[in-house]
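Here's the structure, in structure tokens; my notes come after.
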Amino acid sequence: MVLDVGVMGASGFAGAELVRILLRHPYVNLKAVTSAEHAGLPLSHLYPAFEGGSALSFVAHDDPVLSECAVVFLAVPHTAALNAAPQLVERGAVVIDLSADFRLDSADAYQQWYGVSHGRSDLLAMRAFGLPELFVQGLRDQADRFRRSQGCLVACAGCYPTATSLAAAPALRSGLVGEGIVVADAVSGVTGAGRRATDAAHFCAANESLRAYGVGGHRHLPEIEQILGLGGRLVFTPHLAPLSRGLLSTVTLPLATDEVIDAARLQRAYESFYRTSAFVSVLPAGVQPRTSDVVGTNRAQVAVALHPQARAIVATCAIDNLGKGAAGQAVQCANIVCGLPETAGLDLISTPA
Amino acid sequence: MVLDVGVMGASGFAGAELVRILLRHPYVNLKAVTSAEHAGLPLSHLYPAFEGGSALSFVAHDDPVLSECAVVFLAVPHTAALNAAPQLVERGAVVIDLSADFRLDSADAYQQWYGVSHGRSDLLAMRAFGLPELFVQGLRDQADRFRRSQGCLVACAGCYPTATSLAAAPALRSGLVGEGIVVADAVSGVTGAGRRATDAAHFCAANESLRAYGVGGHRHLPEIEQILGLGGRLVFTPHLAPLSRGLLSTVTLPLATDEVIDAARLQRAYESFYRTSAFVSVLPAGVQPRTSDVVGTNRAQVAVALHPQARAIVATCAIDNLGKGAAGQAVQCANIVCGLPETAGLDLISTPA
Amino acid sequence: MVLDVGVMGASGFAGAELVRILLRHPYVNLKAVTSAEHAGLPLSHLYPAFEGGSALSFVAHDDPVLSECAVVFLAVPHTAALNAAPQLVERGAVVIDLSADFRLDSADAYQQWYGVSHGRSDLLAMRAFGLPELFVQGLRDQADRFRRSQGCLVACAGCYPTATSLAAAPALRSGLVGEGIVVADAVSGVTGAGRRATDAAHFCAANESLRAYGVGGHRHLPEIEQILGLGGRLVFTPHLAPLSRGLLSTVTLPLATDEVIDAARLQRAYESFYRTSAFVSVLPAGVQPRTSDVVGTNRAQVAVALHPQARAIVATCAIDNLGKGAAGQAVQCANIVCGLPETAGLDLISTPA
Amino acid sequence: MVLDVGVMGASGFAGAELVRILLRHPYVNLKAVTSAEHAGLPLSHLYPAFEGGSALSFVAHDDPVLSECAVVFLAVPHTAALNAAPQLVERGAVVIDLSADFRLDSADAYQQWYGVSHGRSDLLAMRAFGLPELFVQGLRDQADRFRRSQGCLVACAGCYPTATSLAAAPALRSGLVGEGIVVADAVSGVTGAGRRATDAAHFCAANESLRAYGVGGHRHLPEIEQILGLGGRLVFTPHLAPLSRGLLSTVTLPLATDEVIDAARLQRAYESFYRTSAFVSVLPAGVQPRTSDVVGTNRAQVAVALHPQARAIVATCAIDNLGKGAAGQAVQCANIVCGLPETAGLDLISTPA
């Protein structure tokens, strides 16, 4: 089976990474890449990495070729996906949305955090949340729809929510976490801030520098709380560091009051949780993940440690923010929905140096 | 007044930065820089930054010239300072120790964390802790000793403890913090790991990478708990990011249960706390510090934010780990002890780009 | 056809990149990776990028499993390949040597530049030089040997020689170059200096720094002169810049005295030269290659410009020093020798950001 | 003596670095910093490095306070300096111009390279060229004017011309260079491309990447040819590398035909040339300069090597493009013109790590 596939919004970093992956995907025929701003331009003019590797040019968002695509990835900014998805789903396409538009379960929460009325609670109700390691059933339901030739919609998890949730979920789902604040301090490379040439994205502003941002009010906060069921008790602080790709989330969770757990049992709980996962590795006790070891892939590396004196669990997760945090995860979700091998087209091994 | 000064252990990163500062210090005559490994070698052979700027050569640790120095900075590894300090103090020198050997109040705690018997509780009792913004009285007591020509000893705070404590102290000392875990996630540049050529310090291991280390058991944990009076409730996780210098600590503290505080009052509490400080700036509400804005200086930039839903305070502090986190702070302490202007020889403005 | 393959010296950067490529190669069964120092250790302990992606462990160089390999890549230091290759060739293996041991045509030149007697002029005479875009016939001769089940030997070009020669060859072979000095100034990322933890490879030595090295006497000089037929008139100066991977060579060549050429004709000469190349792109006039656009791939991007006033040609070429400059080129050579598609297992598109 | 000083165009990288230097200059009272775009804004809002270190705000270019300044630095874009300088010189100010407007001796050449009619050949005739190590007499003439209270004008050399000329001048002025092409390949950090947020300056475009630019036609070409008297035979190719500050120029010069020189004599010629220089160090034979060893200072480090086989000299020079390549050099020139110690306010020692 080879699927005709389109990418709406291929000019951003996540969109371009998606194109790179799809061009090598054995079951995909990439038919169309769209860009409002760059329609008509060869892909390789904007991203010279495609020079000699692909002769595709951007077309407009409303180019008719999109209607021939069985699968459409939306890598457009939020609100644009809200506009584009309904029609695509209705005509029976598989829509894999990388934007934030269908992530929050509640239309009210969407309006609160994104300042826009949602208006498609029906789609929110039928869509799957795209974080396969934690929400596989929803994706299987979409796979049923796909087999019945019904339109499908997947709202892929954001980059910070993916890393933070993969780190925290085994502890939370094992009942090891008690009351009190849960703290997620995460650090991202600069691709996470997007392709726009801003003062903050200038090499000389980001290089040799560290800073926090969005303190107390980042839009990924409600998404992480929703995934982990942490209503109101998460403190999430994102940071920027001078690297292009890579995201590390460090999550500190209070141990349940009556819990008598040793580090070995905690380690086993994590290993057991991800035992069947194709993409998530739990590192041996004492070893911490490095983002450089997952860059360019769809992998996540997770470690967990116990802090006995303060009675806390410290879990860390490293991903490529454009890989497992965006384009890779989107392809993984599409693979599941379309009945392909989950790892098809996805790299498992990063460049070693 | 010009003081004759020596630096023991000038071949490490902190020692070399100390030399750079002292060479420009208007009240200092830098007489001797020592190195066990590099004795006899010109400073500029190991650090070509000194080429054309200083003709000093390293001498051995036991070179007699040290005995002519009124002030001796110890930038040697821990345990080496423990050996060197007593004799220097006894002969009446001002000893500014950058190592960890005299930081912990308790000799037992030292043995627990550093695996070495301390044996000089008398010196622990008389020494000052070198973090002037939080412990100025101890330094003033040493200044009295200096005026009476008695030996002085200052144990300068470590890099992580400095940034973490400057971020957290105003909240804690204002009584705004309640019960529960306090989380400090801090990120450092690679100079923090020292000058030794290790696999982890290889450019290609550290570049384009993020990782946590020392999870659950870093030696700066007891030091921070001691400074902040946080016995047993601190979770401190240090991280490495791909930059040479710079350290950012993000501290999350639970708000006191009955506290009704708004962000403006919190901001004022922080501004008030550092109002008279020559080196610490509290940034306007909504602005976060960047490490690049303090590199090369003895400054700290601090920000504080309120997280109303989770009832938490998020305080951040950026320093140069070799500046306010090591060499700068040591010179600041020496200035206070020796009755010099607190800012003498210390830069206040980083390179803007 | 699936070939059993081994990598001798898989613990260095080039060796590890080779392993990454071979693990994804559709016609390869990677049977053995050897390391003198790390035998017994899982590959993923040294390179956590393989965690979850490969369960291979290093074996000793003399492990019998190597004798089962139809193709053996030598990624060992120079002189070690000289020792290992003869026996492998004699037993009929395809030997793809990434070291310098069989690159120079003359055993005397080898002794002069590497300080070791060569002693295998017979192998030098039969081996092919591994830079397929410029020396394809030698590789085809090896392919004939492979079809006849005879041992094969390919001496892959070094990283600087590859980029420099791909930039300069079209001008030289078109007869456009006159007398006088040819200057190649090339800049490499730090992986080019190897995996050894040295002072110069320390993050804080290489970061935010530029420097030349090996001025006047780098071992790649005679290799480039040999490839390009530039006996004695090449000035080659390599430089290090703060990036992990990537190599850019800028070559300045004097225009032939009587040559009346315009930029358009020069551009066409370059485009024509690489028209059928699967891996080399000549960029449009006025566009310069960036190393980031070829990293992780076996591609080279080339540009050429005319400097009419000084009557010079300036040609540039960007490669990944570990890709087209080492592991990628080795696989390309193996593909040709073994009768596989030239691009099998090799990436054509770098990560766009 | 304390001079009232103003900086026109303080919002760019060179302007901001100038402000940093002038704020610490013992003979300077920095009265005014101007910016067309940011007038009214505190300096620290645009450059948080000044937070806590300076309370200055930008004023408009035509603010009357400028008329009170004895010395005015012009860090405005080219053509803007052409407009501003005449009036300032006429009212008797010392004008130190960092732009390109008065660098070229010939108004025709200016029009050719900058596309603007110059119209002030009179000022070109009276101005000094600001590269003190090579053109000190012109600066002394301006010093005479200053003592007579006449207006002064210095056109400071550009960053590439400074490094390239400091590397090449001793060889050329010693008569060691023969006929043929002279090649200068130079690499700069990204501050060299200015503060504007462009696609090329985006962190993710510049990071982990190397590229040449302006091949065959960079505006610094005629400036270097003028300084070195190399009419028409220089090939100058600038490159960008992923660092913020630092510039390395590698210059290859053909040895004179009849010259019988050994490396030791060449080395002595260089050492002799810069013997009395406060800012230029000639490194020992075999040692190459690193940009990181001069960043933040006004120093240049130079090395020279002989390439006997190709009969060429390879000279290298490392500077901080914003230091000796811009702001530092401007202050050095001002010091000379105003009769201050040449090194006043200028750092000689970079941060060692």
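The chains carry the letters A, B, C and D, assigned in the order they are written, with residues numbered from 1 in each.
The rule we apply is simple: contacts are C-beta pairs under 8 Å (C-beta built on N, C-alpha and C of every residue); 3 or more make two chains touch, one makes a residue touch a chain.
Listed by chain with UniProt protein names: A, B, C, D = N-acetyl-gamma-glutamyl-phosphate reductase.
Quantities reported herein were computed from a predicted structural model and do not represent experimental measurements.
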Taking mean CA positions as centres, which chain lies farthest from subunit A?
-> D
Of A-B and B-D, pair with higher C-beta contact tally = A-B
What whole-Å value do you get for the distance between subunit B and subunit C if each is reduced to the mean of its CA atoms?
-> 47
Give, as an integer number of Å, the spacing between the C-alpha centres of subunit D and subunit B.
-> 36
Cα-centroid distance, subunit A relative to subunit B, in whole angstrom = 39
Of all residues in subunit B, which are in touch with two or more distinct other chains?
-> 13, 191, 195, 204-205, 207-208, 242-245, 289-290, 292-293, 353
Within their complex, state which residues of subunit D touch subunit B.
-> 13, 16-17, 19-20, 23-24, 47-54, 191, 195, 208, 244-245, 279-281, 283, 287, 289-290, 292-294, 296, 299, 301, 322, 347-353
Subunit D residues within the subunit C interface of the complex = 180-181, 183, 185, 187, 189, 204-205, 207-213, 215-216, 232-235, 237, 239, 241-248, 250, 252, 254, 288-293, 295, 303, 305-312, 314, 316, 318, 353
Within their complex, subunit B touches subunit C through residues 13, 190-191, 195, 197-199, 201-208, 242-244
